[in-house]
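Note that the chains are named A, B, C and D in the order they appear, and that numbering of residues resets to 1 at the start of each chain.
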Amino acid sequence: MTENMSCYVLCDPNKCTGCKACELACFAEHNKENNDVAYTVGTVTIPVTPKLYLTKTEKYCMPVQCKHCEDAPCLNACKKHAIYRDENKQVIVDQSKCIGCKDCVMACPFGAISILPVSDNGAVLLQKDKECVKAASKCDLCTGIEGGPACVRVCPNEALRLVDLNEEQLAKSIATANSLYDSRLS
Amino acid sequence: MALKQVQTTCAYCGAGCQIMFTVDTATNKIVNAVPAMGRTNQGTLCLKGHYGWDFINDPQILTKRITSPMIRKGGKGSRLEEVSWDEAIQYVADNLTKIKKKYGPDSIMCTGSARGPGNEANYIMQKFTRACIGTNNVDHCARV
Amino acid sequence: MRQFVKGNPDLCIGCRTCMIGCVVEHEGRRIFEIDPDGYDFNPKLHVVKTAKVSVPVQCKHCENPACMAACPVGCIKVINDAVVIDQKECIGCKSCMQACPFGVIDVISQVGTSQSDGSKRVVANKCDLCVGTGNGPACVRVCPTEALKLVSEEAMQESVQKKRVATAEAAKAIADAMAD
Amino acid sequence: MTMGVHEIEDAKLIFNFGYNGADSHPIVQRRIVRAKQKGATIICADPRVTECARIADVHMQLKGGTNIALVNAMCNVVYNEGLVDQKFIDEKTVDYDAFVEVIKKYTPEYAETICHVPAETIRKAARMYAKAPSAMILYGMGVCQFGQAVDVVKALGSLALMTGNYGKPASGIGPVRGQNNVQGACDMGALPNNYPGYQNVTKPEIQEKFEKAWGVKLSNKVGVPLTHVPQRVLEEKDPKKQLHAYYIFGEDPVQSDPDAEEVREALEKLDFVVVQDIFMNKTAEFADVILPGTSWNEHDGVYSCCDRGFQRIRKVLEPPKGVKLDWEIICEISTAMGYKMKYKNTEEIWNELIDLCPNFAGATYAKLEKYGNIQWPCRSKDDSDKGTVVLHQGKFANPDGKGKFYTADWRPPQELENEEYPLSLSTVREVGHYSVRTMTGNCRTLRNLEDEPGWIQMNPADCEKLGIKHGDLVKVVNKRGWCITRCNATERVAKGATYMTYQWWIGCCNELTIGSNLDPVSNTPEYKYCNCRVEKLDDQAKAWEYVNTEYKSIRERMGIKMVGKEAV
C-alpha cells in the first residue's frame, strides 16, 4: 500500500480566469497577524509576496504552487536545513533560517519557489547593509490556519481544490475493484 | 610597445590546439596567449595552453635555460665548462668519429624528440644517424 | 536576485583551468613577470573531486548572506550586486567561514603584508564574481568544456517561468483527463 | 588514430579503454563530454574512476594488468550471442577462425576471475558495443604500457573488426598519442625500423630510394630501441652489440624512463653522452657535452597531432643569444664528420622529406598555411587533396587489403604484489604538467597548482590500515628504489592499487618502475605495473625538511640561484 502522502492544491486551468484572487488571499492570509494586512489593498504597507504564482500561457492560465513532493528536491538541496517536512508531511520553508542561496529555486522542477522579501511588524526586514531580507517563498498549504488553504477558499471559479490523494486513491481503487466485479458478470 | 600576433600549435599534448600569442617585439616577450580556432580545439585551451608559456622567459624557477654549449673538458665527473659553438661541434664530431672507427656505427645511439623540436629536426636527426653515422640506432621517447 | 557562477558536474573534467584563471584575473598579468614567490596562489574557487563528482565549488552570492551576517567588522559587502570580502578590513576571525554552509570561504595568508608581530596577514577569501574587472568571471571564460555558467537574474527567472508553464501544461492535462 | 579528434563528439558509442583524456588531453576529453551530451553511450574500462568513468554508462573497473582477458571476454560474448557483422568478416578480414579458437575460453565468468569485473557487466558492455550503429574505440597508455600491450591493441582491433566498425565516420580505433609530437617523431622515422613515412629499413627497394636521395650507402639492419639502451650498455656481452655513445635530443631518460637507477648506471658507463636540450635536466648531469637548442615558440616547423594532423608551428620570439636551431646543430656536426648537410630553412627540409614519403607528399607548407591542418595520407600537391580524415575506407593498409584478426592468451604482469610489497604501483598523468616538467615546472601558475613532492593515489581503506591521512608524507619503496611523496586518499582507486605521476624529482616513481619487462613488439616498458610498499613516516616535520632540502639542492644543481627564494 502506498505511504501516507502529503496533500497539495491543484488548479484546473479550464476554470481559471487569471483573476489573481488566490495570490492576494495567500499574501493576506500569511501577513494578517504580523503585518496587519487585511483584505483590502489600501492597508498594505509591505511588498506583496504570495506563495503561489499565477502563470499565463498563450491559451490558458493558472497559479503554480508547491506539490509538496514526497522526495522533495528543494528540501534535499537546502544546505541550511531551512526546508523541513512537518507532522502532516507538508514541505515548509523556515524563512528565518533561509539565506537566499537559490538552490531550492534551481532544484524545484515546477517553478513553485521564488525568492521574495520578508516583512515583519508592517515593514520589510533589513540586513546589516540595509538590503532587504529575502527568503524562499512557497506554498505551505496554510498549515495551522483555520479553513485550510486560502487560495481554495477565495477562488471565484472553484478552479482550485485541495488534493488528498490518500482518499482519492482509495476511492479510485474501490471503483476499479467494483468495475472488475461488474465486468466479471458480463 | 610594438605588438605582433603569431599563431602556433600548442606543444603540450597530442591534441594539437591552436594558440594565438601576442608578443612585444621591443622586449621580445610574450604578452598574452589566447585560444585560436583550430580543427581540434575550436577556440578552447586547457590550463597548459592558457598558462604554460612563461617558462620561455627563463624565470629561473625549476631549472636554468642553457644558453651556451658546455663540455666536460676534464673528462667524466669534471665540471661543465662553457665553450664556443665551433669548439663544441668539433668536439662532438671528433668523439663520435673516434667511437665509430673503434667500435663501428652500431655502437652509437641517437634519439629524436617527441616534444618541442618538430618534424623537420626529427627528420634531420634520423638522416644524420642513418646517412652520416651509418646505423638505424635512432628512436625516441614514444613509450613514455 | 543576485547572479552567481554555477558548475556543471556533467561537463567538468576536473582540470582546474578555472582555478588558475581565477588567480590570474585577480593578480593581473604581472603574475607572469614577477618572482614566483612574490605572490600568493589563492584561487577563489576549488575543484572538488569525489568518487562520483568533479566540479568547481564557489560562492552562491546568497540574498541574505550568512557570512555577511556573521562578520563582526562589516567587511563583507555587496558591491555591484556581488557579495564581496574587503580583505583590507578583514581580521581573519573565521566567523564567515564557519557560517557559510557551502564551504566556499577560505582563509589565506597574503604575501607582502605583515602584522605587528611580523607574520603575514591572514584573511578570508572567496569568489567575488570578478567584480570590477569588466570582463565577467574569468573561470567561466577559460573553462575548456563550458562547465561553468554565470546564472543571471534573468536566466534564473526565465528558467523558473519555463518550469511554471510546463507545470501549468501538466495541470491542464490532468484536468482534461479527469474531465473525461 | 584511424579517425579525427573532431569526429569523437559525433560518435554513437565510445569505448574508452585505458585512456584518461581528462588528465592527458583535456581538449580531447572535451569531445568525449560533448559526445555524451549529444546522446552517445560511453563504456569505460579503467582501474580508476577517471573523469570518463564518472560519466560512463558502463564502467568496467578492471584490475590492472588484465586488459586482454577483458577484451577477449567481450569478443566471446559478441561471438556467442551472434552479434558479429558476418558480411564484413567474410569480405574484409582474414584469420577469423584462429581468433575464435582463442576467445572461446574467455567466457565472462572466466574473465571475472581474472579482471574482477562482474560477468554481467562484461556482457552488458559487449552487447552495447556490438549493437551500436557505429562505435569508436579510444585507447591510451593504460593499454600500451604493459609487457603485454600490442596483443591488447590487436584484440581491440579485432573487436572492431568482428562488429564491422571500420571505415565509417565516428568508428574505428584510436590510440590517443600522448606527447605533442610523438606522432610526428614516428612519422619522421625517428624509429629503429622505419625511414620517414613508415618505410621499412629492411626493404631493398626502400633502402635504394633513400640511398639515392641521400647519396650514401645505408644499413638494412634494424636498430636498437630506446628502451634497450640500459641493457645494451650494462649487460651486453657481444662487443658488436654494445653501445658506446648516446646522443640524446630533447629527452630526459633519467626522469622519464623506468628504473632510474639503471638508466643512471648506463649513462655513467657510456664512453660519450651528448645532450641537446633547452633546460638543464637530470640527464644533462651525465652529459659530456651539452648543446643548447631552441624552444617551442622559438623555431618554425610542423607538428603532427594525435590524429595524423600536420600543423605549422611558428617562431613567436627571438631565441636567446648563444643557442642554435636544433636542426642546424645536427647539420653542423654531420658536416664536421664529413657528411655535408645544409638547409636554408625548415621548409627546405620539409620539401625534401615529403618528396621521399608518398603519404605526406601533398602536404606542402603552402597548403598547411591555407588549410591549417592536414591529416595524412595526403598524396597530391594539388589543392583538392586536403588529406584523409578516416583511415581504412574500403580496404585496410595491409598488403592484401584485409583486416587481420588476432588475439592472445592473458599473461600476468611480471612483478606481482607479495607479502613484502603488498601494493601495485602504476604511473599516470598530471594534468597541469607536461612530460618531465622542465617547461611547465618553470611556469609560475602551473607550479603553484602542483609541485613537489607529488602524490600517491591510494584507497582510503589502505590508508587507514597504514594509519596515514590525506596529505601526509609517505615513503614508497620496492626492491629497485624508493621515494617520498604525499598521500592522496581517494575512493577513485581500488583497494590494493596505487598511482603516481612521473615528473617529480623527489616523489620520483621511476625509481621504482620496472625496466626489464618490455612488450616484445613495441618495446614499451611495463610502466603500469610493479609492486611497492607504502610506509608511514612518523616524523612528518623531518620528512618535510628532507623534501625541502632535497628540492633546493636539486634546483641548485640545475643552475638556479636560491638566493632570495623562499623554500618550497
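By definition in this document, a contact is a pair of C-beta atoms (placed from the backbone, for glycine too) under 8 Å apart; a residue touches a chain by one contact, two chains touch by 3 or more.
None of the values given here were measured: they were computed from a predicted structure.
Chemist: Identify the chain pair with more contacting C-beta pairs: B-D or A-C.
Modeler: Looking at contacts between chains, B-D has the larger number.
Chemist: Could you put a whole-Å number on the gap between the CA centroids of chain B and chain D?
Modeler: Between these chains, centre-to-centre, one finds 19 Å.
Chemist: Report, in whole Å, the distance between the mean C-alpha point of chain A and the mean C-alpha point of chain C.
Modeler: Here chain A and chain C have centroids separated by 31 Å.
Chemist: Chain C to chain D: how many Å between their CA centres?
Modeler: 37
Chemist: Calculate how many whole Å lie between the centre of chain A and the centre of chain B, each centre taken as the average of the chain's C-alpha atoms.
Modeler: Roughly 68 Å separates the two chain centres.
Chemist: Two or more other chains touching the same residue: where does that happen in chain D?
Modeler: In chain D, the residues touching two or more other chains are 26-27, 30, 431-432, 444-447, 449.
Chemist: Out of chain B, which residues touch more than one other chain, so two or more?
Modeler: Touching at least two other chains: 30, 44-47, 51, 53-54, 59, 61.
Chemist: Out of chain A, which residues touch more than one other chain, so two or more?
Modeler: Residues of chain A never touch two or more of the other chains.
Chemist: Quick one: do these chains touch in a line, a ring, a star, all-to-all (complete), or other?
Modeler: It is other, because the touches fit no line, ring, star or complete pattern.
Chemist: For the complex, which residues does chain A have touching chain C?
Modeler: Result: residues 10-15, 53, 55, 57, 60-62, 64, 79-80, 98-103, 105-106, 108-115, 127-129, 131, 133-135 of chain A touch chain C.
Chemist: Write out the stretch or stretches of chain D touching chain C in their complex.
Modeler: Of all residues in chain D, those touching chain C are 21-23, 26-27, 29-30, 33-34, 36-37, 49, 51, 54-55, 431-432, 444-449, 490-492, 564-566.
Chemist: Please name which positions on chain B make contact with chain D in the complex.
Modeler: Chain B residues touching chain D: 6-18, 21, 23, 28-30, 38-41, 44-49, 51-56, 58-72, 76, 80, 85, 88-93, 95-97, 99, 102-128, 130-144.
Chemist: Can you tell me which positions in chain C touch chain A when the two form their complex?
Modeler: 1, 4, 6, 60, 62-66, 68-69, 74, 77-78, 101-102, 151, 156, 159-169, 171-172, 174-176, 178-179
Chemist: Under the definition above, what is the set of chain B residues touching chain C in their complex?
Modeler: Its residues touching chain C are 30-32, 44-47, 50-51, 53-54, 57, 59, 61.
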